[in-house]
Every structure is written in structure tokens, then in C-alpha cells.
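The letters A, B and C name the chains in turn, as written, and every chain counts its residues from 1.
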Amino acid sequence: MDSILGRSKGAVHAIDGVDLTIGRGEIVALVGESGSGKTTVGRVITKLVQPTGGRLVFDGIDMTSVQGFSALRPYRHRVQMIFQDAYQALNPRHTIFDAVAEPLRSLKLVSSESQLTERVSEALSAAGLNPPQEYFTRFPHELSGGQRQRVVVAGALVVKPDLIVADEPVSMLDVSIRAQILQALIDMRAKQNLALLFITHDLPLAWLIADRIAVMYLGRVVEIGSADDIIFNPKHPYTMALRDATPQLPADGRPSGIKALQGDVPSAARVPKGCRFHPRCPLALDRCKVEDPPALEVGKEHLAACWQAN
Amino acid sequence: MTEVVAGPRRHVRLRATKEFFSRLFERVGAWVGVAALAFFLILAAIPGPIVGPLETAATASGDFLTPPDSQHILGTDEVGRDVLNVVVHGARISLTIALIATVISLIVGTTVGITSGYYGGRVDVWLMRLTDFFFIVPSFVLALVIAPVFVEVIGRGREVLGFRTSLFVIVVVIGLTSWAFVARLIRSQTLSLRERPFVDRARVAGSSDLSIMIRHVLPNLVPQIAANGALVVAGAIYTETALSFIGLGDPVQPSWGTLLSLAQQAGAASAGAWWYLGAPGACVLTVSLAFVLLGNALDDTFNPRRRAIP
Amino acid sequence: MSEVFRSASGQLLAVDGLSVDYGLKGISSRALHEVSFDLQAGEAVALVGESGSGKTTTAMAIAGLLSTDARVTSGEVRYRGARLQIDDDAAMRPHRWTETAVVFQGAMNALNPVQRIAKQIAEPCMLNGMPREAAMTRAKELLELVGIPPDRGTAYPHQLSGGMRQRVMIAMALACRPSIIIGDEPTTALDVINQAQILKLLVELRSKFNLALLLITHDLSVVAETCDRVMIMYAGRIVEDGTVAEIFAAPKHPYTRLLIESIPNPAKRQRVLRPIPGDPPSLITRPPGCPFHTRCPSSMSICATQAPALESTGQRRVACHLHSSQMKSDGVLVHA
């Protein structure tokens, strides 16, 4: 087990030395561009990908080396995932009922058919599909995009997990219904003390929903802190670049003017030496080209991996 | 509550099936194919009431090689048997062999294909080498090699699973040589299906590999299996005809291929006995064509790209 | 006749009462309903809407790229005063690229994977009669223009990043010096920083060549940075039209207001989710009356039965009974 994404020769580290903790009932947003490794972090946490190094600890239990579907059952019961593209995440040949009931059946969480129906109804309503009975016998292609994503949300909520990894859960949806899906997740947090890892490329959205934000660049968390700190007081130049590149609504009717960082994200196979952001960094010093900066404390529970963060 | 769910769910399947058939029969090919097949299946099912018991040289009812007339609509053969009689009885043997061989080929091919595609890695490599081996084995050579062995071991007059030995050999040979094509096809489809997010979702939901293969991958392969199954039957009928033609058939239970072989030996072509060669030949062509038409119609119906998206 | 129009104003493109129907499974449904607007030379206008709002149909109709199951049932499109035969592909061919060029969303699908990019950029020029050598030189110029080193012209599309590919698409669109660029969600598939780079490039190119830009997008925040004017579409109709500053500062249509509010905006410091209830209607589920009334918080009884007309006051247009002249004057019809 030499690598997760590459062949045994020339392994590619999709993520490299990521430290992340999520508290009970906390919403943490993982923000980054494509190729930053944010999705891989989510897949490691949901045990879809086996990490090559480091540890994954859940509620005091080391889950790093646990493998196989039966050994993972107790973990699956507590950690679920919401996928980006609901159309792809639902089997086109399964009814909505079967799709939502699947985890209950395979994790053997219910003993009777009536209990199964009850749990499925409950999850569908919690995800905002009312009345739930109306959706039981329908197929994914008969629903709208928003409804399909609610089904995926219901499929994750149905086991009453402690942690949900949500991988870009609203990026495929129309703007006007994004808030509906997010509201359903926030409601569940309030009701069941659910923790959420919210993976997104959208910094303002992360700020809106999360308690803390972690910004990833090229396989590493470069800055982590409270949502307000990351947006209003960023310390890492990449976080600043990300914020400045995000189009803003003009508060006074005048556009703020976008500032775009030059260049592209390098391939994960060719990570620059030293600080991995230095070739694009407007503030890079000679030191950044040779020495990889560690995560430095720059404020209360606010870390940034930059030599100039202080 | 259970009944409430089960009722509509059965209804949903029924509705989907109805819709499928109405779409299938929008195609002329499907109509022609099904009509031709129904005709031959009736012949195969009840040859006795239609043309009486199978005639042998001893019970032959006519003169040698008489052209079609009112008594023998398709003429007679070189021992005086009614050609219509033997062709109708031949339908039973030809169709049974083709269908059983196809079932074997589909079961083996699908199992190997799904396993290989789903697990990948070493399993895939070894299964595919095995598949390649059977892919290139010519059915004639294999039949020529194993036929004497079987006949020697079992004995010519004995029956295996209700087949006389030589027919059983043909079934086995066709089954062995045609599954590799199915396996390749199913593997390539499985390779793309296992990357679909709904497989990830099933894994996060705690489903085992076996359950993912059966409940998620297999239902999505049904179109390929059905459409190619029809083509495999067409191929099997041809192969059976060819194998019987070179003398591997059973003269006591004549199939269409055996009849063609007998006609050839009797010098039907040089004697101008077109009815003796033409009748079984036309049957082989019609049935193969019917299966090809049906296969293409099934392919068109299942293929989602040709379906209007609601 | 066209002379008269040209001299009248800087009006480049006029869409007048355009309605388009789609024939789905024998049932015809209306994708666009009486869409009218015009585009001045050098003006940047955004067409904003959700899926099924008709924004892409509008763009495709202007470029003469409607699919075969679409039918123009009324209205017309005029370019410099001359009527375009938008439902005739052959008649539109000389117009496309040279007058109106389209930048599509999925650059990977729109580019030929087995042809070098410089050659693909040169192709529209060659189709318009430019000799091969000159076309290749032009391709190099265009690459430089969109910020790709000209020697990268020998690369194949898969060797470029998503942002680079979108630049290639823009270079292709500029090849025949059009006066209108239609951007169909040109940055939707891109990351934030790439999106910013592409938007910046579009803004620069626009002022450099005095291009008129019609930007099709679902993302209002993109609009604020790039356009002068914005039109909001909902269920096949334009529901509001005004300058960017007016629309963002004081939206009149409830849909526009809710859309703006639903975008997370850290500048406002309020971490509140404001969902718009319900789903955007699809082609076959459009409600009668005002299409937004089922989701509208200010819906009145008239909204369920009568679709409001798009009425203009100065440069501003809005289609809502709350702002209609009939309502304001107590039911008396003000203008005939």
C-alpha cells in the first residue's frame, strides 16, 4: 500500500500531512480549488480511500487500519457522506425508498419492515420532502435536481450519524434552492448535535455555514481558523488571493474589482520545493523557496503555514 | 404500513415494464423478430401435433428425394422422410441447444466480467488472461478435441442432463467459446459503473462488495446482457449448425445443422434437391436474423442516449 | 432600411418579441415568451437565470444555434437593423464568427481533442477565406492576446488546464473580429481564481475591441464585476432589466431581491440563510399567471391568473404587478 491515487511507481500525494479536527456538533468547512485535495480528505474520512500515512481517529478509536465492510459497520453507522452530484449518486434503477433505506438495510439497523418505513419517512421529511410517502415509489429521474439532492441528504441522515462529510452538496444546484438544502443540514445539527465537514470551493458559502474554515492548497491545509478570522483577517497569502478572486456583490452598487492571482495550481506530481505556494505568491521571499513553513499560531485557534503570517 | 409500501412498489415495476414494452414495440425490428421467434418456438414446443412423430428411415412415408408436392409440402429426403417433418423436429433440437448454450455463456460471462471489472488489479489481470484464452480458442478445434473424449468417457448412447452425448458436447463447446465475448463486454461496462458515485454511496451506506455487485452493478448491466444475449443466441445457432454440419451432431436427434450435413452427403446440391438444403437453411437464417433484430431493438430501447430525457 | 437604423443609434442587436417553443414527445412547450431587449455596441449585458429560465435558449437563438426540436413562433432578431434568419442554419453561417461569436461553457467538449489548439483557432479564419499562412499567424496573435504564450499553440487541449482551455475558446471567438461575444456560462466550470482571470480577460478584451458582451450566467456576483446592465430571466420571460448599480441597490422584482439575498455576502456580516421556497419551474410545470407567484412572498390574487407585462420606466423594466402601472393607478389603465 504505497499510494492511494497513483501506481506504485512515482506515487502522487493527493494530500500530504493534513491535520484536521472536527468537534462534536461542529461545522468545519474545507475550502480549496480543484486539485487541492479537499475531496480526498473527505474520502479518507469516509473510508473510501486508504491513507498511506497518518492517523484517522474517530471518538477516541483509531480507524486508520480498519478495513472491510463488516469491520466498518459501526463506523458507517456514525459517519455518512453527501455527494456533489445527486443524479450520479443515486442508482437510476432504485426507487427513492430503496435508496434511502439502503444504509438501514445493509447496516442492519432496523428489525422490521414497519420500522424501516418509519425511519425512511422521517429522514425524507427531515430533508424537506413532504409528504414522504409520495416519493417512495419514484425514481431519481422523475425528480428535480433539488429534490434529488434532498434524497441524498435523507440517505445520510437516516442512520442518525454523528458526522456527515458533505462534498460540494449544493454546487450543482440552482442558487435559489441552495439555501433550502443548507437549512436542512443546519437544522439537523441543532436537533441531533450533528458534526459536518463541508467541502466547498466557495469561500463566502463556507463563511455562511461553518464555525471554522480550513483552506487547502495542493494537498495541504495552509490556514485554519474561525470563519470570521479566515474571511476578515486572513494571514496566508493564498487565503487572501482566494478571497480577492471571489466576485463580490456590490454593497453600494459599485463593483469592487476582481484581483486575480497569476498562473495555475501545479500538478500534485510536481509539488514545488519549499513553501508549495511560493511560485504564485506575491510576497515570496528567498526563504520560502527552500524551507517549507510549518503551521504557525497567528491568533486564537488560528493557524497559518506561512513564514510571514506573523 | 408495509402493505402500503409494497403495493405501489409492485405497481411501479409493472408500470416500468409496460412502458418498456410499449417503447420496444415501436420498432419494426422487434415485431418481426418476436413474431418469427414465436412461430419457431411453437414448432419446437409441439412438433408432434403439427407434423406427427419424427420419421426415421424405417417409418419414412415417401419416395426418395421427391420435390415438394401436395403430400410432402417440402419434398422428401434421400431415405424418403418428409422434409417438413424433420425440419420441424429439428427446430426443437437447434433452439434448445442454442438457448441453453446462451444461458451458460451469459451466466459465466457476466460473473467473470463483473468480478473482473469490479475488483480490478490482480483479479482482473488473471480473469482477463483466462478470458483471452477462451476468446481465441476456435470452437471447431475445441469440439473436435473434446467430442471423442466425452463420447469415450460417457458412451455414445448415454444421456447427460437429458441430452445425448454428442449434443451435450455441442452445448458445452458453444457455451465455452461464446462467454469470453460477453465477459469482455460486461467487464468494460462494470469498469465505468464502479466509478459512478452511487457505488461510493453504497459503500458509505455499508453495503458489501457482493451486494454492490448484485444490487447496484448488475441491474445497470441488464440492457447489455439482454441485447447481447440475443446476439449470442444467433451466434450459437450458427455454431450449432456448423458443428453438426461437419458431422459432430447426432443423426438420431437431427438438428437443422445435421439435416444440412445429411443433405450435403446425399448430394442434394448436385441432384438439384433444393428443398432438402433450402428448408433447414432458411430456418437457420430466419431464426438468427430474428434474434439479431430483437437484439438491436433491445439495444435501441435500453440505450438511454436514444431515449428522450423527461 | 438598415441605414436608417444604424444611424438612429449605436444599436447593434435587437431582439423583438421572441418566442421559442420546444417540441418534447409531441407536446410543445414554450421555452421563451415574448423576450425583447437590445444591445448597444460595446455594451456588456448579463442574462441571469436559473436552469430552465430560457437564458441559454435566448443566446442560442441569437447565434442561430437552436436545436432542431426548437421552433421560433414569433418575434425576430435584428442585427444592425437587418433581420436575421435565426432558424436557418445555412443563412446564419456567414454571420456567426464574423459578427456574433459564442464562448461555450465546457471548453473540453467544444474543442477537438486530437487537433493542436493553434490550428483550431485558425480554422474559423480559414473558413472565412483567409489563407492558411495568414490564419496561423493570426492564431499566434490571438493566443498572445488571451495570455497564452504563442509557442503553446502546438499543444493539444488535454495538455492545458481548464482556465487555459477557456482562453483558447475566447481566442477562437475573437478570430474573425466579431462585434458581439456571447459567453454561455464561460466560467461556471472553473475554479475561483481561474474564474477571476477569465472575467478579467473578458473585461479587458471588451474595452480593447469595443465588443458588445452578452454574458449568460446563473451567478449574480459574476455579473457585478463585468457588466453594465443585467436582465433577470425567470421561466422563459425577462422579469427585470436595469443597470447593475440599480438592480443591486434597489431590486424591484421580488425574485431579483430574493436571488440577491440568497447569495452569501460576508460584507453584510449577517450569517443568515434566506431560502426561496419551492423549485424553479421546468418547461412543463410552469404555473399560470405570473410564473413566480407560487414562490413569491408578495403574491396577490391577481398574480395567480394574470401574467404581468414587462413595463419600462426610463431604462428600467420590470414585470411585476407590485410595480405595474395598472395597480398604481387603482386599476385604471394608464397607457393604451
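In this section, a contact is a pair of C-beta atoms (placed from the backbone, for glycine too) under 8 Å apart; a residue touches a chain by one contact, two chains touch by 3 or more.
Given the structure is predicted, the values throughout are model-derived calculations rather than measurements.
Here A-B and A-C are compared, and the pair linked by more C-beta contacts is A-C.
Closest to the middle of the protein, by Cα centroid, lies chain A.
The chain with its CA mean position farthest from that of chain A is B. Centre to centre, using the average C-alpha position, chain B and chain C are separated by 55 Å. Averaged C-alpha coordinates put the centre of chain A at 50 Å from the centre of chain B. In this assembly, the C-alpha centroid of chain A lies 32 Å from the C-alpha centroid of chain C. Of all residues in chain A, none touches two or more other chains.
Touching chain A in their complex are the following residues of chain B: 1-2, 4-5, 8-9, 11-12, 196-198, 200-209, 211, 215-216, 219-220, 309-310.
Of all residues in chain A, only 43, 46-48, 69-70, 72-73, 76-77, 80-81, 83-85, 88-95, 97, 102-103, 106-107, 113-114, 117-118, 133, 136-139, 141-142, 152, 155 touch chain B in the complex they form. Of all the residues in chain A, the ones that touch chain C in their complex are 33-34, 144-147, 174-180, 182-183, 186, 201-205, 207-209, 227, 231-232, 241-242, 244-262, 264-265. Touching chain A in their complex are the following residues of chain C: 50-51, 161-164, 191-197, 199-200, 218-222, 224-225, 244-246, 248-249, 258-260, 262-268, 271, 273-277, 279-280, 282, 295.
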